[in-house]
Amino acid sequence: MTRAWRGAALAAIVVVLVVGLTPYLWMFATSFKTRLDTLSDVPIWTFQPTLEHYPEVFLDKEYLPLLWNSVAIALGTTLLSLFVGVPAAYVFARYQFRAKEDLFFFFLTTRMAPSISIVVPMYLLFNYFGLIDTKFAVVLAHTTFNLSLVVWMMRGFFADIPVEIDEAAQLDGHSRAGAFARVLLPLAGPGIAATAVLCFILSWNEFLYVFILASFESRTLTVGIPGLVTPHGTLWGQVAAVAVVATLPILIFAALVQKHLVRGLTFGAVKG
Amino acid sequence: MKKPKSIGAALATAVWDRGVGVAFLVPGLILLTVILVGPFMTTIGLSFTDLSYALPDRDGNFVGFDNYRRLMRDDPVFWQSVITTLQFVAVAVAVEFVLGFAVALLLSAHIRRRRVVLTLFLVPMMLAPVAVGLIWKLMLQGDFGMLTHYLRTVGLLGEQTAVFSDPDLALAAVILIDIWQWTPFVTLVMLAGLLSLPREPYEAAIMDGAGRFRIFRDITVPLLRPVIALVLLLRGIDAFKEFDKIYILTGGGPGTATELLSVYTWRVNFRDWDLGYGAVCAFMVYLVVLILSAACHTAMTYARGASGNEGRRG
Amino acid sequence: MIDDRCRYSVLVASLLAGVMLLACSRSPETENKPPETANQPAQPGPAPAPAPKVWSLASAAAPYRGVALRTIGESLPPLEAMAKLTEKFEKSTGIEVTIEMYEHSEAVNKVMLDLNSRRGRYDFILQPHRELGRFVTNKHVLPLDRFMNDAKLRDPSFKPGEQLYQKQWKEISWYDGNVYGFPFTALTMYLWYRVDLLEDPQERAGFAAKYGREMAVPTTWQQYSDLAAWFYRPDKKFYGTAIQGKRHEALWYEWLNVLYSFGGDMLDIETGSECGPVVVNSPEAIEALEYYKGLMKYSPPDTRNYFWDDLMALMQQGKVFQVLMWNDATYAVEDAKQSKVAGKLGFAVTPQGKGGKVGQVEGWTYLIPAYSKHPEAAYLFIQWMMAFEQQLEQHLNGGASSRPDVYADPKVSEISYSQASMDTMAVARPKPTIPESPQLTEILVRELSIALAGKKTPKQALDTAAREMSQLLGSCAPLKYPVQ
């Protein structure tokens, strides 16, 4: 490999990184700019930062509860999806049965289901059961895609564990369920953690289901943002402040599970 | 309980095992059936009714195939949005693929501290689509947008043009934004694919004195074929469903320049409240996704085989 | 074994769920029992208590003490002002009021979903009046007469028949001869222009030299576009005007001003609750759209992406000479804390054309859903909000009252834009409020936006709109002008 090639490659990577990150950093900076600086004709790169937007939107406009809603809903769907999905994934990894691949495909389609096609009947359904306006309705809606994510990801993680371990555990006198709970689950721990984080992210970022199914009190941050576009001018500082709070935790989480991201996003078909 | 001692006990264990399997699987199936298959069937059911929340006396009476007929015969806006969607998906996915693959090749060949670079590189893709929409709205705003300013300075954008005001530029812009957001995904997956390739064919090729391009064309691409197919399909499905960003950025305008199928479906359902006809549109979107998913499933099965994941142990 | 069982369970369960959902999606429609009866038992007081001689809010509200009302509206200053006032109401009645504030179209969506699910989440609602037809014909809202005629509820000092602008009230809150509410805000659009520039001697001299007449507040569309052309200085980032060209309701509202004053209309009707021939592609309408499109050349480059929000920001920063904007937004451009041009603005009725002096009126109205859990308490609150003191307070904080006595108050009459607002209200034209009208708006907005984008000529766009509107409305709305 010549030095010149290497230099060109490095330069290309740097360009890609700059293009990829500048918009986000710009938004980040905007959350600390005064309205005048934001609306300036010539972009302003250095400025006297202001902290006014954060308390304005989170305290005065009472957006803080939206943050808790985001957390509660994302945690709820993550727990539900894991609780139901991990055992199912185990069955897919260890049992042989005839319609296995068909069922597996069924799980895949649920992950793909376009929310715009489902949200109206889902509203009717939840309305029928009196769930509309509750956080639980959104949790259930988010479970449609998260459950299959869990099944697809965890199947791979269980498949990675040698069958011999199951057999050894059963020889030790564990029942099948016991072996699953006491031996396999701890071994799959890191995988479960990675899956959980991905579920959390997907739910946190979701827009349409919350938009339609959640009430004023159970809205999440992503849905709260459009509310800051008022007839009296978009409050860019506040929009940016909400966007920063709505994205920073996710970026940190994503960095944590980066190793498993590929597997999660390709449904276990490709490993990182 | 110790080792099974008799045939009876072994049988009992086997039955018990099966029971465990069923018990593990069924809750998930029931849950998905109720919250997903049910609504899907309802969509199909609704598509044969005239249900409207806006107009009186349209309480969900059965109307046969009227809605489908309307879709086929007199809804030019729907078909226009189909064309727009196809343009959006084709261009966005193609560019994402080429760019993303290129970056993956660069990363795999030249960069040592890959993890750090990759982590930064993945930022756009982890952001909520709503946030992405707002970030770019801010960047491309016609009066004070940062990018607008620099594009005008270097003459790429006319002084009297603004991106989201121009019907042709608007579609190009939303495509570019999608590319910005999702190229990292292609890179991520392709990089994983590249790193899992076996060494032997390369060593053999180098022994034969093959050039770099020939190695790429004759070894890398064929080996990666399943992963490539998978990436294209996954991106295709997601791009086809795109809604959040467009909703925030343009709402489908100017004119119908950026009205994707999903946005049109939204409009029929939540602006016109024509839920019967809206169900037909929704069903069409779902149908395309189902077909693509089937293709995707096939690709996955191959991809798993290719990168040797299935059956690999430990 | 297991595979078969699974397969069947999927099949059976999905079928069951589907059938059940279909059933539930329809059942609320078919049940559709008259909601009035459902609400009757809420009437308290088993014995026919004699009506008190002197009506007081406290005693009228006594049966509802402890009730919590919930409402929803657009997150705007008038609603914020109302939120502040509720405390006073709570203190004197013990009735709590919770307000949900949403962005415009979200506030409309949430209400549509709530009304159609018949849950009665909201005890009263605030909605734009173009939605009224939908609500009334689907029996989603209660006529107010039964509250207004109830001696226990009616505040004798509140006489809407005398104290409100009658035309406005009829336009905003009546449908088909029945009253369903009171105006929350009576909105209209008029001209905002920069007085300081209009009076600048240098500008005046230059303008007179070029156009052969003195610069003045525009009263005709020709004068309007001349001024726009004169002040169009893109090199200095200053523009003659700006139009709300985004694919958004704002575009429709703004164009209506031009349409009406050019002598055109959407439907050939007398009142909003009628259906009539489609005239949106009349020669006048085409001319209006051509003219409107022509204003783009004096507007900022991003004008096809603007709605009210952007126009406000531009005006506040002093980048535009004149625009057509909303009365309820005016206070923000006259607020020195937010605006560089506060005190430098003039306001007047929209320029006129063949159609004479006209304005378009849009209102948000109080309504009581048929599923409201506390309709009487809600009525008491609405009635209280309509009283002079509250109306004044709300009006001074960015509201737009429909009480003439509010405008007569010295605190209001000294506001720079009060006169323009009242003048426009006086010539306001009704617009369709039939159930289909939001859909008519959608069609028009789309076609207007396409015409502005240059993908269709104004005639093609309006012909398309006319054809679709006529199709949607059916036999009551034939095309009056041929389409290609």
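Letters A, B and C mark the chains as written, and numbering starts fresh at 1 in each.
We take it that a residue touches a chain if its C-beta (ideal position, glycine included) is under 8 Å from a C-beta of that chain, and two chains touch if they have at least 3 such contacts.
Worth saying up front: this structure is predicted, and the values here are computed from it rather than measured.
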Under the document's definition of touching, what chains do chain A and chain B have as common neighbours?
C
Count the C-beta contact pairs for A-C and for B-C, then tell me which is higher.
B-C
Distance from chain B to chain A - Cα centre to Cα centre, in angstrom:
15
Measure off the straight-line distance from the CA centroid of chain A to the CA centroid of chain C, and report it in whole Å.
38
Rounded to a whole Å, what is the gap between the Cα centroids of chain B and chain C?
38
Return the residues of chain B touching two or more other chains; collapse runs of consecutive numbers into ranges.
21, 25, 29, 34, 38-40, 42, 46, 143, 270
If a residue has to touch 2 or more other chains to count, which residues of chain C qualify?
1-2, 6, 10, 21, 25, 310
Among the residues of chain A, which ones contact at least 2 other chains?
39, 41, 95, 97, 103, 106, 121, 124-125, 212, 226
Residue numbers of chain C touching chain A in their complex, please.
1-4, 6-7, 10, 21, 24-25, 72, 75-77, 100-104, 106, 110, 113, 117, 119, 121, 237, 308-310, 312-313, 316-317, 326, 329, 332, 338
Give the list of chain A residues in touch with chain B in this complex.
1, 5-6, 9-10, 12-13, 16-17, 19-21, 23-24, 26-27, 30, 38-43, 84-85, 87-88, 90-91, 95, 97, 101, 103-110, 112-118, 120-122, 124-125, 140-141, 143-144, 147-148, 151, 156, 159-160, 162, 171, 173, 175-177, 180, 201, 204-205, 207-208, 212, 222-223, 225-226, 236, 239-240, 243, 246-247, 250-251, 254-255, 258, 261-262, 265-272
Contacting residues of chain A [partner chain C, same complex]:
39, 41, 95, 97-100, 102-103, 106, 121, 123-125, 127-128, 132-133, 211-212, 215-216, 226-227, 229-234
In the complex formed with chain C, which residues of chain B make contact?
18, 21-22, 25-26, 29-30, 33-34, 37-42, 44-46, 49, 51, 53-56, 59-60, 77, 141-143, 158-162, 164-167, 250-257, 267, 270-273
Inside the complex, what are the residues of chain C that reach chain B?
1-2, 5-6, 9-10, 13-15, 17-22, 25-26, 29-30, 32, 109, 112, 116, 134, 137-138, 234, 245-248, 300-305, 310, 314, 319, 435-436, 438-439, 442, 446, 449-450, 452-455
